[in-house]
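Pasting the structures here.
Next, two complexes with chain A in common: one pairs it with chain B, the other with chain C.
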Partner chain A sequence: MKTSYGKAVHAERLKLRRSPVWLAFIALPMISAFFGTFNYLNNIELLKSEWLSLWTQHSLFLCYFFMPSLIGTYCSYLWRLEHTRHNWNSFLTSPIPLSALYFGKLTHAVWMTVLGNLWIFFLYYICGRLSGLNSPFPKEAVSWFLFGTVGAVAICSVQLFLSLIIRSFAIPIGIAMAGGIFGLLVTNKGMGLRYPYSLYSMGMRANNPNLALDASAHLVNSLTYVFIFTALSILWLRKHEISAN
Partner chain B sequence: MSTQNLIETHNLTKVYSKVRCVDSVNMQVPSGTIYGFLGPNGAGKSTTLKMILGLAKPTAGNITLFGTPVNEKNRIKLLKQTGSLIESPSYYGHLTGEENLQIIQTLKGCSEKDIDKVLKIVRLEEARKKLVNHYSLGMKQRLGLAAALLGFPKLLILDEPTNGLDPAGIQEMRELICSLPSEYGITVVVSSHLLSEIDQMADHVGIIRKGELVYQNTLESLHSHAKQQIALRVSHTAIALDLLRQDGITATQEDDYLLLPLVDDNYVANLCRQLVSQNISLYRVEKREKSLEDIFLSLTGKESSL
Partner chain C sequence: MITLQMEYRKIKRKKIGLTMCAMMSIQFAWLLWASKNPSEKELLQGWLYNLHTQPLLCAIMMPTVISVLASRLADIEHKGNTYKQLKTLRTAGALYHAKVLCGFLFILAMTVADYLFLLALGYGHGYVGNPDLKAYLLSFVLQTACCLSLYLLQLDLSLLFFNQMIPLVVGLCGSMLGVILMYLKTYSFLPWGGFLSSAIVMMDWNPATRIVTYYYRDFSSVELFALCMIAVWIVLFYTAGRILFTRKEG
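Then we have the complex of A and B:
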């Protein structure tokens, strides 16, 4: 017998059938990998650190521009399913705790982000090999992946909250895009660990594979954002009278 | 609370922007009945039903469902026994009818076999593999009813389920709703702004006007308020009134008509003969009935739609 959380996750999976939104997670990293590799090969005399140099070219646009927008799009889509067709009435009268219904959405957002990140590293590996890099794949990539994913979960929780309270599909995506770009400035000012949209790019060591990341601060801050925005979302579902119209 | 009432509200009130959309409503829905919740558009029907389902929070008053207070603590327990279709049907258009029902079935935790049963009840078996975006409005309404029926709850709350349906669709939906208490033991609350619809479905009726419950009783009792009269239009009303007075009949004048209580056919025939013999022209003799519509209008105000 399934738990409430299990039922919510299963129901969300059923809702996502025939939804082409995941294609963006395939396409945008491919574009980023293609241009990153192209750039790397054209500047190979200057970029001498092989895998690390290739990563700087792959990760810059991807982590600051593409990934926050992708997460924003996915989260907007997850709530759009309820914002349309009077689905709030059905959603909120499900005999399931509202927290479980929320975690069903968060689980899918995180799952898609993890898959997206795996795809990014797979493309990085393939592009490196095709570019003639014969040295071993950098072990640091495991840390980039793990911390990047934790940072992405923070963005997921922020974006899920925004898309829950804002009915527009595009506005939360715009906020995510602006948040990612602004994250570049915040990171350059040395305050990236305090800013949710920078936690992903810092975890991924975007454009800076030699960054000495304060791992514990990164984890604590990411989880704090997840906790705060999850609590806000559940509170909103419980206290706010959501109209289906 | 009475154990026979599945729903009871006590002074239920909802205020939106200083307007009392629902005002001290004491609703009582007996178990095993079809309760017609009747009122003009904007009278507060949907808001009341939403409060019963926990979709809107009462400003004042309280609600009990199955004898249990409606609150956050009891929310899931009560929703497990309740099916609903509020405002318009909820659906995911990119999925098939069957997939939509699978989502509800998963969340309700009921048997997968229920999907086949409810599709059969609403006669959507052949369209189960079709995307809901391609359904007609009537099919979407039936899918909404199927979703509400999943798990065969004890209580079904349907808000204007025939809205936007063509006459055939309305007839079909009505038949479906009427069969639910007898065939599945489901108590149904169905709202409508159409008296004729409630008249054909419900056995209990609550009439709401500007947020206030102005009438609540059996439909039979509402019918008993209907009154029959004989209406006469003649050339000399005063003479006709005198004749009636001599016969001990109290008549009232309304516009050009004299309104008599329902008298037998022989008396009407005699009266007509007398009038004609006194050279009074007889223009009209009609039997009038104060219909349910009249009663509804008198309860809800003339401006209300039917």
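Then we have the complex of A and C:
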């Protein structure tokens, strides 16, 4: 017997079936990995820290600018069907609690982000080996992955909220791009941990693998953002009169 | 003209102008941040620095900004499923022209705002001397052309695909390519590398003295060819878009 949450996750899976949304999560990290490795090999006499240097080349732009936008694209896609035609009526009247419906979407967004992150690290490993790095794979990568994923969940919750309240498919993606760029400025000011779009790049230690991350602050802030934007989304679904298009 | 007016009526209250303003303001904030507290040497080269930085920022931001613009202009027909109805009122070619022109006017407004901001930034910081207006005008024309080529590509994709995720992901990948191409060469034949090819100021960094010097670019024949590719892309995307849109069913 499936719970409401299980049914919502299953329904989302059906909506996403045969849709090539995952291709974006494959393509963008590949571009970054290919050119990052190329750049690393071209400047190998300057970049002496082997795996760590390669990581900076792979992650810098991807984590700051493009992963937030990619997550934004996926979240927009998750609400796209509801924003089309009269689908809000069937969504809001389905015999499943609205919170379960929301968590079904959040689960898929997080799942795709985790897969995307795994793909980034897989490419990092393969490119490192192909570049002739014979030293052991850095153990710190586990921490980068875990904290990066937690930061990405915060972005997922923010973007899901934005895509819920904004009917346009494209605008939340533009906001994510702007948020990522603004995150670079905020991180540069030393306030990256307070800003949702910087949590991912800081967790991934993009451009600075030796960064001493305040792990507890990162976790607390990420979870706070997840909690706030999840609550806001569910509240919006419950209280707001969403008109069908 | 009527078809163009119709386009503007369709986008009324869609706040496309506001969206573009918000995205451009991020670019302005970036420029402001990148040029803060200039040293004396930087004040001397400030006007050249502006012309060097502008195409690089555009290479990162514009593909995504333009994909958002094109998607917003095209998705109203997808949502309402009104293509067939519109084609009974106006010819497909006129509809396509109206969309191109409507988007081009947005691009023109954004580019004008961009260059006015550059001038304001220069005078605000107190850069030495006055800007070389011919160089600024040339840079403005080239940037507008690059944006137009990308807009035509994005418009074609947004009109052809019901699922707007595809054109927007292409825009994102284009931004990514733009960033990466910056590290590889000073020109590119790809549509997203047009901003690099059209940069009229280059930078020379001396690793020993750590001094940066900006200078006007002396275009080689390959670089000129890359520059010409912008015009080729415009013609190609326009022709392909018009043919495909005319033949599009529903």
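Simple rule for what comes next: the second predicted complex is superposed on the first by the 245 of 245 C-alpha atoms of A that agree within 3 Å, B and C clash if a C-alpha of one lies under 4 Å from a C-alpha of the other, contacts with A are read in each partner's own complex, and residues count from 1 in each chain.
Just so we're on the same page, a residue touches a chain if its C-beta (ideal position, glycine included) is under 8 Å from a C-beta of that chain, and two chains touch if they have at least 3 such contacts.
Computed from a predicted structure; not experimentally measured.
**Student:** With the two structures overlaid on chain A, would chain B and chain C clash, or do they fit side by side?
**Tutor:** fit
**Student:** Answer with first, second, both or neither: which of chain B and chain C does A:L70 touch in the superposed model?
**Tutor:** A:L70: touches chain C, not chain B.
**Student:** Taking the C-alpha centre of chain A as the vertex, compute the angle to the C-alpha centres of chain B and chain C, in steps of 10 degrees.
**Tutor:** In the superposed arrangement it comes to 90 degrees.
**Student:** Is A:G174 contacted by the first partner chain B, the second partner chain C, both or neither?
**Tutor:** In the superposed model, A:G174 contacts chain C only, not chain B.
**Student:** For A:K2 in the superposed arrangement: first (chain B), second (chain C), both or neither?
**Tutor:** first
**Student:** Scan A:F61 for contacts with chain B and chain C and give back first, second, both or neither.
**Tutor:** Only chain C; A:F61 stays clear of chain B.
**Student:** Tell me which partner A:P97 touches in the superposition: chain B (first), chain C (second), both or neither.
**Tutor:** First partner only, chain B.
**Student:** A:N87 contacts which: chain B (first), chain C (second), both, neither?
**Tutor:** In the superposed model, A:N87 contacts chain B only, not chain C.
**Student:** Figure out whether A:N117 sits in contact with chain B (first) or chain C (second), or with both, or with neither.
**Tutor:** In the superposition, A:N117 touches no partner, neither chain B nor chain C.
**Student:** If we overlay the two complexes on their shared chain A, which of chain B and chain C does A:R18 touch? Say first, second, both or neither.
**Tutor:** Only chain B is touched by A:R18; chain C is not.
**Student:** Which value in Å is the smallest Cα separation between chain B and chain C when the structures are fitted on chain A?
**Tutor:** Superposed on chain A, the two chains' closest C-alpha atoms are separated by 10 Å.
**Student:** Enumerate the residues of chain A that count as touching chain B in its complex and touching chain C in the other.
**Tutor:** The answer is residues 19, 245 of chain A.
**Student:** Quick one: which bits of chain C touch chain A in the complex? Just the residue numbers, please.
**Tutor:** Residue positions touching the partner: 14, 19, 22-23, 26, 29-30, 33, 60-61, 64-65, 67-68, 71-72, 75, 79, 163-165, 168-169, 172-173, 175-177, 179-180, 183-184.
**Student:** Can you tell me which positions in chain B touch chain A when the two form their complex?
**Tutor:** 53-57, 72, 76, 79-80, 82, 84, 86-95, 99, 102-104, 106-109, 147
**Student:** Along chain A, where are the residues that touch chain B in the complex?
**Tutor:** Interface residues on chain A, with respect to chain B: 1-2, 7-8, 10-11, 14-15, 17-19, 81, 85-97, 238, 241, 244-245.
**Student:** Along chain A, where are the residues that touch chain C in the complex?
**Tutor:** 19, 21, 23-24, 27-28, 31-32, 35-36, 38-39, 61-62, 65-66, 69-70, 73, 76-77, 80, 84, 168-171, 173-174, 177-178, 181-182, 185, 188, 245
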